[in-house]
Amino acid sequence: MSTRRFLLTAAGLTVLAIAGTFLLDPYRNYQLAVIAATFCAAAGLTLLIGVSGQLSLGHAALMAAGGYGYALAANALTDAGVDGVPRFLLAFLAALAASGMLGLLLGLAAARLSGPYLAGVTLALVVALPAFAAVFGGVLGGDQGLQIAFDGVPAPLRMLVALEQWQAWVAILVTAVVVTGIAAIRRGGAGLKMRAIAADRTAARLSGVRAGRVQVGAFTASALAAGAGGAILCFVTQSVSPGGYTLAFSLLLVVAVVVGGLGSIGGAAVGSAIVVLLPWLIGTLTGALDLPAEIEQRLAGNLGVFVFGVLLIVVMAARPGGLAAAVPVSWRRRGRRAPASVAPEPEVVDVDALPHHPTATSETER
Amino acid sequence: MDATPRSAAHAAAPAPSPDAAATPPPSAPPTAPAHPTPRLAVDGLTVAFGGLTALDDVGFAVEAGQILALIGPNGAGKTTAFNAVCGLVRPKSGRILLDGAPAPARPSLLRDHGVARTLQGLGLFDGLSVLDHVRLPQPQPRGRAAGERARAELERHGLGDLADRPVQTLPYPERKRVALARALVADPRLLLLDEPAGGLGEDDIDALGRTVREVAAGGCAVLLVEHHVDFVLGLADRVVVLDFGRVIAAGSPEAIRGDAAVEAAYLGLQASA
Amino acid sequence: MDRLLFLLATGLARGAVFALFALSLVLIWRAARIVNFAQGAMAVTAAYVAFAVTALTGSYWVGLASGLAAAALLGLAVERGVMRFASHASPLSGVIIAIGLVMVLQSLLGMLAGQTVRPMAAPFDESPIVVGGVPILSPYDAFVLVVALAVMAGLALLFGRTSLGLQLRAAAFAPEVSRLLGVRAARMTTIGWMLSAAVAALAALLLIPTELGLNPHSTDVLFVYAFAVAVVGGLDSPAGALVGGLVVGVAMSLVTGYLGATVAPIAVLVLLVGVLLVRPGGIFSAREARTA
C-alpha cells in the first residue's frame, strides 16, 4: 500500500467515524470517546506486543501519566488565564511528555532485556500507582485525583453539536493522528526491524539492527500512544484519579490486543470496543435482573473480568491470530502485489514467531 | 572457475613456513602493498565458558579475496571462534583485528564495518517475506532503493520469483540461499559462513561454491566453517584445523589433506610423532 | 536505634518469606522455563481455602494444611489443564495465558467471596517480644522466620540429596536425555508445579495475617516483591533467591519503618528499575547479561 493510499484510508476512516457520531445519542457518543481513548493505548500496545514482541502489563499506568500530565498542565494554564484550543494543545503536549519520559525510563531499564523482565517492571509500576498518588498527594490529589476546568463546545458549533458529540470528535481526531502514527511506524523500517528482533534477535543484530535501541523506541512509542489515550480520558471526564487506572485496566488492554489479534491495528480497534462495551453490557444485564445489592455488585465488577480471562486463555491457546485471523487470506497484504480492492489489512503476526529464547550466548549489548 | 590457492605472505600462528609470495586478487588496485593488512586477524584468542576452555590461543588471518576454511571435529570450537569474531562471546584474552583495527564489541556494529555472517541455524525471521529479509540490512530498509537492490540480490541467487513468499514456507535449500542473500546484500568485505553446505544436495553445493568464489573474486575475504571436507578442500585457498580449541594444523588444502595430525583428530587414532 | 533492631529483625522475617515465594518462581522457571505470573493468584486462592477451612474447623493448622493441599491440586490442574496449551516457540504465550488465569481466579474469588479485605487470625502473638526495653521480634514473626528457613532447607535437601530431587533437576535441565535414562519427565514437571504452588501458598499464608490481609488482590504486591527478589538474585539461582529475599525484605522493612507503608510499592519499583539500569545481570548474577 503506497503512502498516499495509507493516508487516504486513515482520513477516510476518520471522516466515517465523525459522521457516525451524528447517529448516536449522547451516552453512546461518550462511550465512543472512551473507546477511542482505549484504542489509542491498544494500538500502541499491539505494536509493542505483536510487532516487537515485548509484553507490558502496566500500560494503564502510562495512560495515567498522560492523564495526570494533561490535568496538571491544564490546571496550571487555567490559572495563568489560558483556555480553549491553546490550553488543550499545550496540555496534550504535557501529557505526551509525561508518558513519553516515563516510557523511555522503563524502556531503558527493561526493554533491552529479553523475557519477562519488562512485564515484571511494568507490573510493578501499575501496582505502585496508588502509592504515587498518595505520596505526592499534594500535587496529584491522592485517591480523589485531580479535576480540570470544563471545556465546553466552542461557540461557533454550540448550536449544531451537543457536548458529548463534540468530545467524541476531539477524541476521534486525536486518536486518528496517534493511531496513524503507530501504523506508520509499523509499516516502516522501524516496524520491520522490530519484527526481525522479535523473530531472532541475534540474527537481527548481525544484520545491523540496533536491537536495544529499537526495542526502547517501540516501548516509548507505545507509551506516547497510551499517554494520548489518558489525556483524552481526562478531557472527556474532566478528571483523573488512580482508581481509573488499575492493574485490572492494564490487563483489559492486553485482552483488547490479544482478542483483536497481536500486531493488528484494526483488531485493536475491535478489541477496544469489546473491552469497553462488554462490561457495560454485563452491568446493564445484572441490573435488569432483580438481585440483592451485594450480589449484584460482586457480579457486576467480576463477571466481565472472568469472561475476559477465559477469552484470553482460549484465544492464546486455540487461535493466536485473534479476530484478525478471521479476515480472509486474500485481504492480507502480500508485498507489492496486493489486489487493488484490498481493505486496510490487519497484518497478522504469527504468535509462534514471537521471541524465541536467544541462543545461549553471553551478550553484553545494551 | 578454479580456486587458485593463494598463500598468505604473512603466517598465522602456529603455521608452517610461508609459501610463495602473494599474488594480488584480480580486482585489487594495481598499487596494492606487498604485505597488505589482513582483512581479519585473530591472535592468541582464548575463550572459556566457566571451567571449559573452548578456544585456546587460536590465531589465523584472512586476506582480502582469500577463502579460509576452519575445519575440525565436532566441538572443536569453530562456531565459538565465529561467535568471538562477531562479538557474541567475550574472549578471555587475545585480539581480533579487522583491517588492523580492533573488531567492534557489539554484533550490531558489524554490518557497518563490512562484516556479514550466516548462522548455523539460519536465523531467518519467520513471518517475514523473503524480500523483507534482504531489505533489512540496508539503510532505509523500506525505501525504493532498498527494494530494488534487494530484488537484484535475490535474482542473483535465483530467488527472484520467491520474493514475496513468507520465508517459513520455503524448503531448506531456498532458505539457505535467503540467508546468504541477506548476508551479501550489504556488500560485505568479510563474510563468515557457518556450515553453508550442511543439508544441501550436490547441485546446491556446486552453486554455493560458485557464489563463494565470485564473492571472493570481488575482493571480499571469506572465512568458512564446514564439515563437508571435500567441498572445503576444493574451495579454500587456505585451511586451518581446530581440535579441542587448539589449532593443530594450517596450510594449503593439499598439505592438510595429507596431515597425520588432522587425520588423527578426525578418526581418533594415535597421532604419530 | 531500638527501632532499627526491630526493623531489621522483622525485615529478615519478611525477607525470608519473599525468598520463599521467589524460590517458588525459581522452581517453575527451572522446570518450565517460564515466569509464572499467576503464582500470586494461585497462592491467594489457596489462602481462601485455608481461611474457609479454619472458619469451619476452628483450627489454624488444619486450615494451613488444607491450603497447602489445595495449592498443590491447583498447581496440578493449571499445569495439566491450562499451561500445556502454551506455545513452546514463544515465551510470550505462556505469560499471557498466566495473565488470563489471574483474571479468572481473582474474579471467581471476587464473585464468591466479595472484595472486602478479611482479617485472618495468626496463630501466635503479633506484638513484639521486648528484651531489655528493646522490641525485637514478635512470636509470630519468629514463627514465620523459622518456617521459611526450615522449608528452604528442606527444599535444598530434597533437590540436593534425594533421588526425587535429582530426577526433578534432570527433567528440568534435559528432558529428552533424562527420559532416556528412565526419568518420567512429564511427571517431574507436574510435581515441580505442585511443589512450587504449595511453597508459594505457604509464603502467602505466612504474610497474609499480618501484612497483606485476605482479598483477591492481596498477593499482587507479594508477587512484585518476589519478582524484585528474582531480579536481584537471579531467576535461576535458589541461593540468589535466599540472599535476594533477605536483602529486599530488610530494605522494605527499613523503608516502611522510616518512610511509611504507603511508600513501599514505590520503593520496590525504584529498586527494580535501579538494579536493571545499573546491573542488568542482577547483583549476584554470574552471567554477563540477563537473557531470560
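A, B and C are the chain letters, set down in written order, and residue numbers restart from 1 in every chain.
Throughout what follows, a contact is a pair of C-beta atoms (placed from the backbone, for glycine too) under 8 Å apart; a residue touches a chain by one contact, two chains touch by 3 or more.
Please read these numbers as outputs of a predicted model, since none were measured by experiment.
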{"item": "Pairwise touch network: line, ring, star, complete, or other", "value": "line"}
{"item": "Comparison of A-C and A-B (more C-beta pairs in contact)", "value": "A-C"}
{"item": "Centre-most chain [mean C-alpha coordinates]", "value": "A"}
{"item": "Chain of greatest Cα-centre distance to chain B", "value": "C"}
{"item": "Centre-of-Cα separation between chain C and chain B, whole angstrom", "value": "48"}
{"item": "Chain centre separation (chain A, chain B; CA means) in Å", "value": "45"}
{"item": "Inter-centroid spacing, chain C versus chain A (mean Cα positions, whole Å)", "value": "31"}
{"item": "Residues of chain A touching at least two other chains", "value": "352-353, 361-365"}
{"item": "Sites on chain C at which at least two other chains make contact", "value": "288"}
{"item": "Per-residue multi-chain contacts in chain B, two or more chains", "value": "90"}
{"item": "Chain A residues within the chain C interface of the complex", "value": "49, 53, 55, 57, 105-106, 108-110, 112-117, 119-121, 123-125, 127-128, 130-132, 134-135, 247-248, 251, 254-255, 258, 294, 298-299, 301-306, 308-313, 316-318, 320, 351-358, 360-366"}
{"item": "Sites on chain B touched by chain A in the complex", "value": "83, 86, 88-90, 105-108, 110-112, 116-117, 119, 121-129, 131-132, 135-137, 140-143, 163-164, 168, 182, 186"}
{"item": "Chain B-touching residues of chain A, taken from the complex the two chains share", "value": "187-189, 192-193, 195-196, 199-200, 202-211, 334-337, 349-350, 352-353, 359, 361-365"}
{"item": "Chain A partner contacts - residues on chain C that touch it in the complex", "value": "33-35, 37, 82, 85-87, 89-93, 95-97, 99-108, 110-111, 114-115, 217, 220-221, 223-224, 227-228, 230-231, 262-266, 268-269, 272-273, 276-277, 280, 287-292"}
